[in-house]
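Which chain is which? They are A, B, C and D, in the order written, and residues in each are numbered from 1.
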């Protein structure tokens, strides 16, 4: 099979599953069969993408095929297609693999749901995988945008999966609004690119000024989708969704789409150093800021959510530093270990029926496998040497080393410490220490739960060693070097873990936690956005509504009123007195005669 | 030569005539006859689409019957690419509309009769190639609305306030009679303007004819053009909801019964935009080019202002109605761009918005029929009892906010692209902002109505979609997605027409894409 | 040259009919209803005869010129008379059983006068015919002297008196004006205007036009219209609202286009002013009306404005379109009044609210009223639309674009009040669901009007052709 | 006497008639005023007949007189009706139909 066919299979197999489930209502409503259909779709997609990788290992070239999508004056204005190269193929595997794991995990995790909801859940999953693959294989920015929005949609629907819960409904809408707000940047970027180049290619060379505009606008979308400061506020709320969803969408794949976009559009970003500078700073600030907030969360998923923000900050910073490969690499490893962490967290939540860290504790004995998986994920996230996260984080930090300003580098270093520190906190609070009340009845889930954990733990351990291959795929230079950065980073990770054991092992509190908690509780960014929404948007809209009803429409009513009043006043002239009528006749004759005479 | 175009116009009219002799007690027969009429039209429009040669473009399937030769009036029917797309839209909407009105209880015979008359008018407009006949059909399409809203509509109260409070006493603002009267009067003021413009064109054509092709070939004096264009713009524009002459729309759509809202927002408003495009832009291109910045500026107001107004509404139908105002702004914006992308987008948006708003109103009608309220505040958690409605409503919302994969995206994207590369690139900014505001209000409404805890009390036993009610969501919903993924199904037709007409515009050279 | 007898066959037949009616009544064996049917039958017969008998020709000295023009008008009058008589039969039999024959006779006399008007080319004949048309109307307007609705029994005399006072004053002005015109020219021939008329002639001419304007009910001679419509018997109003207006139009056309066509600038201005004022005032005053008869009265004032636009164009096309307009107006307005009459008989009043639910009670009557109203409003595919359209076209071609725009704009006002009536009949729930029982004559009459309005609305060609033929014959033989 | 002065006289009579028409409250007086107006017209005919000659004017007067008489006869009948309704002939009584 040709590469294009494989790419299409990888993309459309999940769509076929989704359509099948959508159309065959009984199938969907039965629940369990829906899961199998979705899984089958994902397996096919994964198989196709693995075949693609194998072909590439065998030296298959990059392929790109497009067909006209939207036309204008008889020629294509926009195209749809498939581009399979060193960026998309590895990404495809990552996405399909993580998705399959998560879906499998979900079969067990969600089995308590009513069949209809279960069916809906898997339909949405299939739809998500399709949308994500559309992003991954897209040959141009427009198709990428289409997929980008579709994953946003599935994210919205999956966050709001428990739509009966007002908080979940609110979170879903908020996520959609925030990302949509940012996506306006994407759309504007596309428009600017289109106007100046006549297309939507990331290979275009529109000149620095235009490229800066385009990339800045695109980056706005990245800030939204990848939950960078100050648009990150939706991500913690998004944890209202089922935990596997958080694992897949809000940690491993969808939020990474922003990073993927920048990696894809690297040729464009390369023409816009100013944008990169901004990215660097925003990424670094988010990394630190979110890591700080992760430290004080009581909800295990929120810790992971802020951690995701923080890690995305790393990637964005790397991209800002001009090292797309570093960001991409980190994206890949992060996908595995963060999905692993979430699924492990899901396993814990499934066992104790609570998200709160306070309800956990001492789970190490009850859930050995989960503990092992979580610890692997945490170590990888912390960047402990040997784990996948170490390699990629090292690359990111290395990318920043030697930049004009050392501040971002230092910030990321600091946040590496924080990462290890807060992950240590979670591990200790959840798995060590005294057994909590709720933990008493905890037990491991079935194979469907543990299987994916194992499947994800392996790459979390070893994916770092694939860096070299990945680098050849994207034609980047990659070599491990022993310098300041790896040593410092490793030191930071170990220091963080050590500090965590020191502090939390004794049940203590970290310094500055009080301040951070206050900061978290006050949630300034959140409140600013809420204020902007209430006062800005709702205020203006009520004003517009009032103006329309009472001024514009009022004017229309006034016109009618004036005509009617005119008629009503005029009718008084119809006095009913014959003499007046005769008078008018006389006047009429006089006027006519005058007209004639004076003519 | 076949008579497809005559068939498409005549089928609903004949069905209406048949209805006259069907006794009003035969309720099923009434519905079946109406449905047949609608189906024949739909079938004919599909057949037209199949027969239309997309490679050649231009006017096809021509039929001519002299009507009043002394005045140069001919019943000249033919269809261009735009017409094909809009005929398909109309066919789909009327079929689903008839099915959605299956449950009309009161005076159903008259209802279906008027509905069919109206739709015959709509079809007539899209296939007329004679300005006068165009206008006749236009009027036929507009007028039945008065009775349809006035008899079968619903009323509510609008409190008096603001500087024109005193005027409220004169009218029962918010009542169906008020809505019907306002709609009819405002639209007929528009018609009056069109009539005057028509005379001007006819009088200055030299040939004293209403034949659109002859008029197209005529180079009107610039002075005449400058009078004609604003008349056409505001005349037809009133029906297209051009600010500030859109105020009939919220009240009208809110008061109208389901199928009427579907047809009116779905198809009739398009007549207005189509008129601006087909008559205004094509017949008087020089003035159109001069006026385009103003048309576009007002359209931009429409988009953003309509969306903001929608965001402030508490009544479900008003939200949808204002969203129509906003989306029709997108159409007008596309028209004002004077380039192929914009025009394609405008026509595509007509179809997309037609389907989307038809779906919206069908679902809102379902909800209203069951819950007997349109106040969003009273609703909540309806997805528990009517999941299908919820699903399709969400789909309509998504198309409304221009989500890729739905027809709304293709349309809006093309319009914005057209605007961006036109003379006034900044138009795209409020356009896109409007789409964002749309996202805010549709999703908020969606959340408020369908999400949340399962409804208790009187709303706990609301039924989901059943029997004929499936038609509208299923057909319209699927089309939204199909046209979202594969726009060329329509775009092939639209583009060939836009290409042909664009050649007449003096500004085309300026608006060319800079190709790398 | 033809003989008087030949060219006036139809007119004389109608006059003879009046005599027969009176004689039969005097003999006393024939019932009033039968007389009514007889009258209608007679008019129908004369109408039929008009297609068979050749009445075209010119009498000695050119005092009377007959042709297509005259025939067109005669048929319009005959149709109007016939339909109005059919509509009156039952009302008369019930309300004024002892005075039925006189009513028919007076109607026939008035018709006779009307029928002579369009052919008259001499001031004496024109004036006599015009007054023969007018004087019976004064009587008929006050017909319901004691038999009106209980709440408006005093309105009968008032209706007659108002019509009379304004009418008499107007004709006094007409005669005064004629005095000046005839005196200055020295001839009673209408066409005998000197090439260089004096100022006095002009003054006289304008006075004559003013006097004719009264019959048309054009502003400012319209004040009697609503009051008389309200007080007079509705079936008669149906007649009054159409036939004399056609007569007035005929007279005005004869005067302006045969004799004074050289001075178009003078009278065209006057007519334009009257037309504009009529359209504005009629539509504006109609807005707040609650009594359908008054509403239709003011609407009639406005409609006359439209006719005058066409006449003001002064072209052959304009005349033709004015003819077309007035013919359509006969069917439309007559039909509307008769439906209102039928409904009012059943509901006990002519207010708009009393019409509530008409379409539920008797759907065909409701639908007919809607059709008539739409036609009056000028909505496509009913007759009134073509009338307005053709008038506008003719006026536009003659350069009266200002008047056309005004007409188009105020037509929207018109739509408002027509729709108000439609709203009542279609949307409001009536206080009773009992069907409206229309008597036979009324039914036939309304049905004919409806058929004409819808049929000609769909295919106006025949009437257009007739009107064009009439106009061309008129202008060729002037 | 010239034609002009005769015409001025007729115009004056016309004005008197108009004045009466507009000011008289009694219906009969109003009828008289109308008669006066009509006769002022007849004076015009008479004047022209006298000064310009020819039969037209004089013939016309006869018809005009007949018409006026017929009109006034009907008018008087209407006044009678008014009286029977209201017990008075004040014209302003007939003002129920208005506005």
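Some points to look at:
Simple rule for what comes next: contacts are C-beta pairs under 8 Å (C-beta built on N, C-alpha and C of every residue); 3 or more make two chains touch, one makes a residue touch a chain.
None of the values given here were measured: they were computed from a predicted structure.
Considering the contact criterion stated above, the chains in touch with chain B and with chain D alike are A, C.
The innermost chain, defined by the distance from its C-alpha mean to the mean of all protein C-alpha atoms, is B. For the pair chain A and chain B, the distance between mean C-alpha positions equals 36 Å.
Computed centre separation for the pair chain A/chain D is 96 angstrom, with centres defined by C-alpha atoms.
Chain C has its Cα centroid 43 Å from the Cα centroid of chain B. One finds 26 Å separating the Cα centroids of chain C and chain D.
Chain A has residues 560, 564, 571, 574, 576, 578, 582, 586 in contact with two or more other chains.
In chain C, the residues that touch at least two other chains are 161-162, 165, 169, 173, 226-227, 416.
Counting only residues that touch two or more partner chains, chain B has 185.
All chain pairs that count as touching, in label order, are A-B, A-C, A-D, B-C, C-D. Interface of chain A with chain C (complex): residues 560, 563-564, 566-568, 570-571, 574, 576, 578, 580-582, 584-589, 591-593, 595-597, 599.
Against chain D, in their complex, chain A makes its touches with residues 571-572, 574-579, 582-583, 586.
Residue ranges on chain B touching chain C, taken from their complex, read 68, 70-71, 135-136, 139-140, 143, 146-147, 150-151, 176-177, 180-181, 184-185, 188-189, 192, 195-196, 199, 203.
Within the complex formed with chain D, the chain C residues making contact are 123-124, 127-128, 131, 135, 138-139, 142, 145, 152-162, 164-165, 167-169, 171-173, 175-176, 178-180, 182-184, 186-188, 200, 226-227, 230-231, 294.
Taken together, the chain D residues at the contact with chain C in this complex read 7, 10, 14, 17, 21, 27, 30, 34, 37-38, 40-45, 47-49, 52, 54, 56-57, 59-60, 63-64, 67-68, 70-72, 74-75, 77-79, 81-82, 84-86, 91, 94-98.
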